[in-house]
Structure formats: C-alpha cells, structure tokens
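Below you'll find a set of structures to go through.
Next, two complexes with subunit A in common: one pairs it with subunit B, the other with subunit C.
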Partner chain A sequence: MRWSFPSFDRRQRSGLALAAPTAVFLVIFFVVPAAVLLVYSFWISRSFQITPTLTLSNYLRALGNAGMWLSMWNGVWIGAWTAVFSVALSFPVAWYIAYRTRSNAILYAVLLSWFSSYLVRIYAWRTILGTSGLINSTLMQLGMIDQPLSFLIFSRTAVIVTLVHLFVPFTLLLLLSALRNVRTDYLEAARDLGASWRQSFLRVVVPMAYKGIVGSFMFTFILAAGDFISPQLLGGREGVTTGLLISNQFRQTGNWSFGAALAFILLGVFLFAYFLVAQSMRLGRLSPGLRFHPTLPTQEKA
Partner chain B sequence: MKSHWTTDQIRDAAEGKLSRRRFINGAAALTGGAVLAPMLPGFARAAGGELSVMAWEGFTMETELKDWLASEGITIKASIIGTQDDVNARLVGSTPVPTDVSEFNQGYNHFYGDELAITTPLDESKLPNYNAEETFAGFYKAPTWFWDGKLHGVPWIWGLNSLVYNPAVVPEPKSYADLLKPEYKDKLAFGDDTLATWPMIARVAGYGDKFPNLTVEELDDAFAQMDPYRAQCRVFAASNGDSINLLVNGEIGALFCGWSGIPNETAKQGVETKYVIPAEGAAMWCDAWFIPTAATNTDLAHAYINATLGAQAQADVCKNVVGGTVQKPAVDKMDDATKGLFDYGNLDAVFASSPLQGIPPRESDEFATYDQWVAKWEEFKLGF
Partner chain C sequence: MSTQTLPVPDRTSIISMQGLEKKFGTFTALRDIDLDVREGEILTFLGPSGCGKTTLMRIIAGFEDPTAGSLQLRGADMRRLPPEKRPINMVFQRYALFPHLDVFDNVAFGLRLKNWPAARINERVGRMLKMVQMDTMATRWIHELSGGQSQRVALARALANEPQLLLLDEPLAALDLKIRHHMLSELKRIQRETGTTFVYVTHDQDEAMILSSRIVLMNHGRIEQLGTPDELYFHPVSLFAAKFLGETNILPAEVRSGAGDDAVLEGLAGRMRASHLPKGLADGQKVHVSIRPETVSLSDSTVGTAPEINGALAEITQIQPIGSRVVYTARLDNGTEMRSQTVRPPDALPLAMGQKVHLKWSEAAVAVLTA
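Showing the complex of A and B:
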C-alpha cells in the first residue's frame, strides 16, 4: 500500500510550515539527546565507556551525596537571588518604557551589554570588584578605606551581581513584551471602577503579565542556577555548583551515566521550583484565569 | 537525458511515488559522488594549510615556529587545554572534534593509547628530528610513549609543577607549611589542574612516593591534611590563564602548585612572581605530542611535530615556558638561565629525584581510583 501525505487545509499547512523548522530542530537537538541522556542515567558508565545494564545506582549515589546537595543549594541560592534581582530591577524599566516614554533609547542602552562575550563580561566584573579594581581603587583614593574590601569579589554576592548584569537584558525584554499586552485602557478601567493603584497593579497588571513575570524569573533562575563558569571564576571557595559537578562527570571522569543522573535531578529541582513559584502566585491571587471580586469601596457604600 | 526534475516528478517523489529505477539512479549518483569527490583535483591537499592543534596555553608553538609556519604556508588553529581531560572530552565518542595534533601528560599514555584508543601510531620516518643521537635517552622510545611496537606519542617538553608566589606578598616560602601563617589567609589559590595539584597534595601529606597509588584511607588522610590549606585558600583557579590573572591582579599571593612558566607570563604584565621548589619537592611532568584518530591532516601533523623538535624551536620554547628540552642539540642554543634550570649532564639524577608519575588508576580494588580522586577533589573544593 502506498503511503501518502495526510491532507491539510491552507491554514494548517502554513501553520505547519512555520512551526516545523523549530519543532524538527528541537526534536533532533533537544528531545532525542535528552532521551538518550535519560537512558544513560539508568546505565553504568566508567572512564568514557557505557555498559547498558539497568541500574538505579547513579541516582542513589547522587541523592546520597552530601556534596551534591550542598552544590545544589549553592546553585539554587545564586539562581533565586539572581532571578529576584533581575526581575525586580527590570520591571520598573520595562514599566517606564511601556507606559512613560515612546523612546527605546533605554532599551537599546541596556541591550548594548549583549555586544560583548560572556567571558569578557565576567572578567570585566572581576576588574570592577577586584582587590585593585575600580571600586576599591576609587574608595581608597577618596580616603574612605585603608585596605581593599576583600568581600567584594570571590563570594556568592559577586556571582549574583555579575549574573544580574548578564540576565537583566533578557528579563527586561520578556517583561516589556508582557507589559505591552496590558493596555492602559485596562488600568484606567480599573481606576474608574474604584481600584487603588495597588489593586490595579496586583489584580490587573500582574495577572495579565503573569507569563512574562514567571517566564523571566524561571528563565533567569534556571540559567543562573545551572551556571558553573561565573561561580567558578567569581565565587571563590564557594564557587562550586551542581553544573560543575555535572561537567566534571562528562569531561573528567567520563562517567556520563552519573553526570546524566545529576542533570535529571537538577531538572527535577527546576521543575519543583517552577511549581513553587506558580503555586505562590496562585495563592497570592496573582495568576490569570482566576476571578476574584473583592468588594470595592464604592460597592460598600451602596 | 533529462537534466532536471519536473514539478510533477517532485510531487510524485514527495507523495512516495518515486520509481525504483529513479531511486537507484539517484542513490548511485550520490554514492559515486561521495566516493570520487575526494579524488578530484579540487580536493587535493596542499603542502601547507590549516593545522588544528590542541595544546596548553603557551605550548602551541606559534611563536617559536613562526618562520617555519610562514614558509610552509601553515596556519595554526589552536585550542587551549584547561585540564588534560579537555582533550579526552573532545576526542572520545562517535563524533570527535577534528584535531590534527594534541598532547598528553605522561600519566595519560595508556589511557589514551589503550583504553580510549584515541592515538594513532606515529610514523617515525616522518619524524627525522626524533632519533637516538639527538634525543636524550630517557625520552627516546621509552616505554611511557612506545609500547607494543608502536610510537603512541613523542615527548617534546618537560618541567616542574611547583609553588608559585608573589614575593611582594609571600616572601620566599621555604616549605608549604609557611603558607599556613595567619598573615597569608586568603592569599592562596589552588589550581584546578589536577595533574599539578594532586601529586603535590600527596607530597605535602607525606604520600609523595606512593602517588598515584594511594589507598582510599590514605586518600582521605591526604585531603584531611589539606584542610588548613583550604582555610587559607581564596579561590580555585580555573586554568593556568586564570592563575596568571589572579596573580597579576593581586588577588592571590601564592599558587599551591602550578606551571613553572607562570612567572614569565606575569612578568609580561609587569608583575614579578617566582616559582620555588620547597622542602616537599616538586612534581615532574612531560608532555607528548600525539596524532588523534580524529586527525584529518596527518602529514602536516607529522611535519609540525618534527619541527617542534628542532634545536632552536626547543631552546626557544624551553625559555618561554621555563621547561626542559628532550633534544641534546637544543642545550647549546639555550641562554644560561634556561640551561641552568636542569642538570642536562645528568638527567638520570633529575628523574630519580623527581620521577615522572602517572595518574590514579581508572579501576582498582586496591587503590583509590581516578573517580574517587575526582570525588574527593570536589568534596575538598566544597569544603567537606
């Protein structure tokens, strides 16, 4: 029997044509490798050789490893604070660009930092925060300190500061895109109905920009918590994250199965973090799709 | 003969109506093209060309072989090694990164040659500079690089990994114990290059002669003895380049164990650092060139390896990296400082005092394995 293409109407065909390249790309370069990695995580590996013997030992070893949990906590801490600061710093700028100005100059200024490589930006921060760096030199020249402030660099704070700088352009773009969907008409309507500024912000803006807020937070959190280069170069003795342990398994010991198990545990942590954020937003009545009708002051009078 | 398909034929093919004859014709044309293409004049390889070299920072020989590379029309495409494991990570698996020449530390010889099988036998006839007359006996086809009748690697540079310090911050340390003084807190860094760090940890802990074969208990004890040093440590340097950056910027005053060429590199940036062999000793290393199975230009790779063994190239690179030569004629071309680094008249004694050591076994029931060392190293960095 001869196989033939299923028939699609014109609208469906154009939709498929638009989605197909990305879908194919993701299947080949993400879904398939991830599936292979998942299988590897249940096999045995040693010195770059994989033996297809089904086992849970990689997960048991990882979950029983205190170092893994400490590095995980380290990464989660860095990721969470980076995400909080990135979103908090980006939101007012996104608001200003969306509602207070027609110029994109600020947006372009923020995006300018993209025109340099990741490593260059990390080393630039080393220069700024370092013992003989910009901040210490300035403070010493001003006579405000006698000795360089050593805590500025090689700490989790230094990592968070650097990562916030790296991720603010991303969060700004996502939040701006989300806020541009919240038309001023809605805000005015809320005010006309008696909502305070705070109420209109929490009950109109945040739920409508929910995807942008949660998306930018999680995007930043996942990338920052999984990063191991910035923590290694700026984190000092506390610069070990799970990303580095995973990297070592693939690069150094050749234990791909254990590295894969660590990677999927990290994935589980990220999914749990997403669940926590989403649930927190829901409990705070900040999610879309939920209708709350608090009694407004005007209704109380009536 | 039709030179193109009609739209109907394309539609038929898309709907699975491609005839068997047309399919066979098309497949034959593709296969023939794939087989014959490399033989066509356009694919012939020139004498020069691009050579993909993966080596340590300062070891790519682009400076020392500048004239030779220019005269041969060769461009080096260099990749820098951060740790030796970067090399295996790049070359193992079903899709290795094409690399014409790379280097391995002596401890990785059988791991690369036998277990991973990523080395190819070298053709000695294409390496005339590597010969019994000109090459020091300890480096000429010694068992470390030559086994089973095959030359797996050509040793080309050697030296010491030792304590590197900034005399303005840590004046003249005589022993590692000097680094534990309270005034040096947060002045120390450990390098993430475990080839340098692990042997020195073993030495400082009193297991130098046993390295790399320490039992699990000895491994635990060695790292337990390192805890006071970790308390003095400010950062773990990611690479030699990172160590240089940290020393130049004044972030650290001493590197626990690093490449002896670091002082040269910091001097270029106006910062004086020194390396010293303290009471505990130093760790010897020797790098060997090899041609990976992923190489695409083996003739050029042989020519490059041979050129690095030239007397002047050897003398120059030894000066630049503060290393030792494997070639006798290079000694006379060295300046006094470089020549004085090692007793070339009695290299046997040099190797006796600082023997070339391997890496922990990949598998063993008796000794701590490489995986266990890595795990212990990670725990150490995490502060356990």
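Showing the complex of A and C:
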C-alpha cells in the first residue's frame, strides 16, 4: 500500500512543507540551546566546568545581590527610554511617509544608517558626545559652558542616544508597515463620525496599528535592555547592565550556570514588561478586539 | 410619459453650491458647479470615472476644500466647518468599518464621541441594526461579515448620527449583481423610513435611474445635465448625455423650414419632426438627434407604405436576441444603420435577416441635441 498522510489535505501538507525548514532551524538553534541553558541554570559551574547538581543557588545568589538589581534597573531604564524615544521619534516620520508623501526618499535615508557597522556608530557617538567632542567643544567655543558637560559621555544618556540611533530604523519600518494598514478612509470615517484629530488618533490609529506600536516598542526595549556593547563602551560607571554581567559570566568568569540563571531572570523581567505594556494599553482602551458594550446574548447561531 | 421618480416632499435646499471650483495644482477637477441639494431627495452624482463626482462629494463631506465658489448649509457658510462638525455622514466605498471594533461598537462610534449615556446608545444602536436587519449580528467582528452585511453596518453607522445629509460613495460597487439589486431597494426603503436626504455617487446608470429623485450628470468637472431620471432619459441636452444613459441611435441632422415649433429636421434618416424642441434653433443649424431603439418600430415593407416623416425604408442586417429583448439592426438605403428593440415574442421572430422593413418612430421619441 502506498504511504500517505491520511489526515492532512493538500493545503495542509504544503503548509507543513513551507514551515518545516524554519521550524527545524528554530528547534536546533533556539529551542535546544535554550533548554540546555535552562538545565545549566539549575546546575553548578566554576571556571567553565559544569557539575550536574540540582540547585537553586544560582537564582538565589542573583536575586539576593543588590548589584544585580542595580544592573537590572540600569538595563530596564536604558531599554525603556530607548524604546520610548525610538517609537516617539519614528512615529511622525512613519506618519509622514505613510500619508503625506509618495516618495520613499526619507525611508531610504533613515535605512542608510544600517550600512555602517554598529561599532563604527558607537565610536562616532563617542567623538560627538566626548569631553573634547563635537558638542562640548562647540558649546565651549561659543562660551556657553566653561567645562565640558560630563553627563554627555560615559552615562546612561550616552547609551540611550546611541541605542536610539541604532533602533530608529527598526521602529520606523515596523510602524510604517502598521500605518500602511490604516488606510486613509479609516481616518476620514473617524472624522466623518465626529472625532477630532486626537480622538481619531487614540480610538482608531492606535488600536489599528497596535501590533506595530507595541511590537516595535517591545522589540526595541528587549534588544536595548539586553545590550552589553553600548553600555560597556559608552556607559562608564552607569554602564553595568544585566546583559553585560551575563556576557561576563560566559566569557570571563566562566560561571555558565550563573550566567544562565541571570538570562532567565532577564527573560522573566521582559515577559513582565510585556504584560505591563499590554495591560496598560488594555486599560487605556487602546487595544484592538475590546467590546465597549455589555455583550448581548449571541443570537447569530439561532 | 410616465413618471416613476420619488415625490419630492420639500423643495427647500439643504446644501447650496454656487460657482464652485476645485483645482488640484493645474488640473481643474470641478468648475462652475451651481447646485442645490433638496430636503428629502435622493440626488445622484452620475458620470464616468474622473468626471469630478467623487471630488464634489468629498467637498460636501469636508475632506476637500473648494478653491472658489460658495458652499452653504441651510444658508450658512460651510467652507470653514471641519468634517467632524458637519451634520453630514458618509458611507465609504470600501465601508471603512473599524476592524478593531465589533458591529455594535462600530455603529456606536459616533454616539460615544457625543458622550451619550449607555442606555441611549443601546437604544439607538439597536434600532439602527434592526433597520438594516443586522440586529442578530451585533457582536460579530468586522472580518466575519460578508460584503452585503458590511454594507448594512456601514449604513447603520452613518445613519445612527441622524445626519441631515447622507453621502454614499459608490456603495454597491463592491457587491455582486444579485445583492446589488436587493441593496438598491433596501436603500430606497431606508431612505423612505428615515426621510434622510441622500447624495449618491455612482458611475452606474441603472443604479442612478432606479434610485434617484434627480440625477446630476457630470462630465469633465462640469454639470452636463441636471434633472429627473425621465428628463435625462427622454430629453438629453447633449450628445454625451444621450450616449451615457441607455442605448440610442445618434444621427446628424439639419434644421429646416423655420425655427418655430413646426421645425423639420433633415438628416440621414430622412425628414423628422420632434415634439420637444430646444429653444433658439436656427434655420440651417447642424444638430444631432437621438432616437432610443425601443421607440423604433419595424414592420414588413410589403404591408402599407413607407412613412414620409419620422420613418424610413431599411433592410435588416442583424438580429440579436438578448434574453427578454430582441435588437434588430437595419440599414437604410444611404448606408445609415439604426437599431430597434422590442420585447421578444415567445414564438418565432416575425422578421428575418435581409428582409425589407419600414422603420417608424413618434415625434416624442426624437430628442434634438444641440451640444
């Protein structure tokens, strides 16, 4: 008898065939390593040697350490402000590209910054923000300040400025594709029904572009909060983030188990942040799929 | 001539436009628009794409500003009023129902903006959904609706605000033929029930003829002709109007023997008299005549004699049965072709290809076109 999939029709089979390569890739390079890390986080390791002993000591050590909380706060602070500024700065640009112009020149100009490497851009910002950098020397020459502004470099501000520059193209692309789904006639319908600009923005644009807005915010937040290169090179004393600690555990100290535990704590923090964002959007009535009326008894199946 | 148009209950105008003009850069989309929208009527903007009908509707809605001319709502200047402040609502061509809200909340959208109490909103939304026969689907999401259902919800959402004027932008264009005919009679019923003035934009002459109290026929940004469906059909003022509405025979002709009521037209189909003549015809003036195929009758030429006026001798060159109708094409001696349309008989057709026939039409059937 010929072998076949009795339970899948043609459509489902082609769907499986299309999804299979990605699924296999994700299982091998994401699910398996993550599972291994999760197991490591409950074991003990020292100097790159791992001992399989079931323990919670890594988690307890991390959570009982004030420096750990401080680094977590640092990362969350950097991530949150980077995400806020990236979304806030790219939204008007995305709006302009989506509704006001037919040309994509601005989009390409913003995307052009991707053609330079991450490190090059960090060093570029160092020369702009540094003690004898562009901003400080200009202000001093103009006589507006006597001493270089010290908060410009080796601070969280410097990290946030650099990361915003890094992530604005991402948020712009995500917001633009979200706004492209909000056709002009939805905006016109809202105004036609009596909404002011502000009302149509809050009641139509934000809920309709919800995925793009929340998605780009969380995307930027997670990547920025977990980053360890910018904080290291531009953060100075304020640059110790959990991301940097994790990287140190894996590359220098060799305590993989502790590093893994930190990574999963960070994962928990990110999930909690997502929950907070989604919940506050819901409470602000900015999410799609909400009913604002007492749900009537469903009659359509009668 | 029978008049099937809706009675116009009130002659006072809601919207009044004078010398309205709209330019986009160097392109003039609308010019010299003088138009009144009367209380309680269904006024249709009809015309080919690019004729300016949509722009005119968007100006009334407030989405476009006219570059010149006056636009008044019951005597008050409307040009400065933003769309959200106008007592006008619109049914969009692609409905523009908010996908993040369910049917109920879509209809309640405008009422919530007015901060109505929940009980009043429930009552109004319930009444509107009942009117469009969607009351059992209040909790459906928009993506769960068919085209016809979306259409009904869009109508309920616009009418829930009790607008003084409802604009409908080609609302049936996205529906298939059967639903379209059903929705036309539904629109007419809802208009009667609510008494709301409708401005209806379409490029479909059948929709316009079925629905309208009056039709504004537009072409190249101008009003070509304004009148009841019957006036436009039987008394087109221009070649464009005659050709746009329905099938017709267009023949060049020349005015002869006086310019009064007894003027005779001489053309490719012989001599003609018309019962309705445009004013100011001059002897020798070149015009066109339009004769609808259904007003041209055919009869066997061996019976009786050829009519001397409003008729001709011809030979049948084509017979085309189309469902309930049959269209004959007949060629005159001078090569001119004219079409005649009759109801198709249940038995064999009485006339055959190549047969010599007498064509005949009445004076009322001849429309004289000076433009």
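One rule holds for everything that comes next: the second predicted complex is superposed on the first by the 280 of 302 C-alpha atoms of A that agree within 3 Å, B and C clash if a C-alpha of one lies under 4 Å from a C-alpha of the other, contacts with A are read in each partner's own complex, and residues count from 1 in each chain.
Methods note: a residue touches a chain if its C-beta (ideal position, glycine included) is under 8 Å from a C-beta of that chain, and two chains touch if they have at least 3 such contacts.
The structure presented is a predicted model; accordingly, all values stated were derived computationally and were not measured.
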{"item": "First (subunit B), second (subunit C), both or neither touched by A:Pro288", "value": "second"}
{"item": "Partner chain in contact with A:Arg183 - subunit B first, subunit C second, else both or neither", "value": "second"}
{"item": "First, second, both or neither for A:Ser132, with subunit B first and subunit C second", "value": "first"}
{"item": "Subunit A-facing residues of subunit B, complex", "value": "14-17, 83, 85-86, 88-89, 92-93, 111, 115-116, 186, 192, 194, 230, 233-236, 238, 242, 245, 249-251, 362-363, 370-371, 374-375, 378-379, 381-384"}
{"item": "Residues of subunit A touching subunit C in the complex", "value": "183, 185-186, 188-196, 199, 203-204, 207-208, 210, 287-293, 295-296, 298-300, 302"}
{"item": "Residue ranges of subunit A in contact with subunit B within the complex", "value": "2-5, 46-49, 66-67, 70-71, 123, 126-127, 130-133, 150, 153-154, 232-233, 236-240, 244-245, 248, 250-255"}
{"item": "Interface residues, subunit C side, partner subunit A - complex", "value": "61-63, 82-84, 88-90, 92-94, 96-102, 104-105, 108-110, 112-114, 118, 121-122, 125, 136-141, 157-158, 161"}
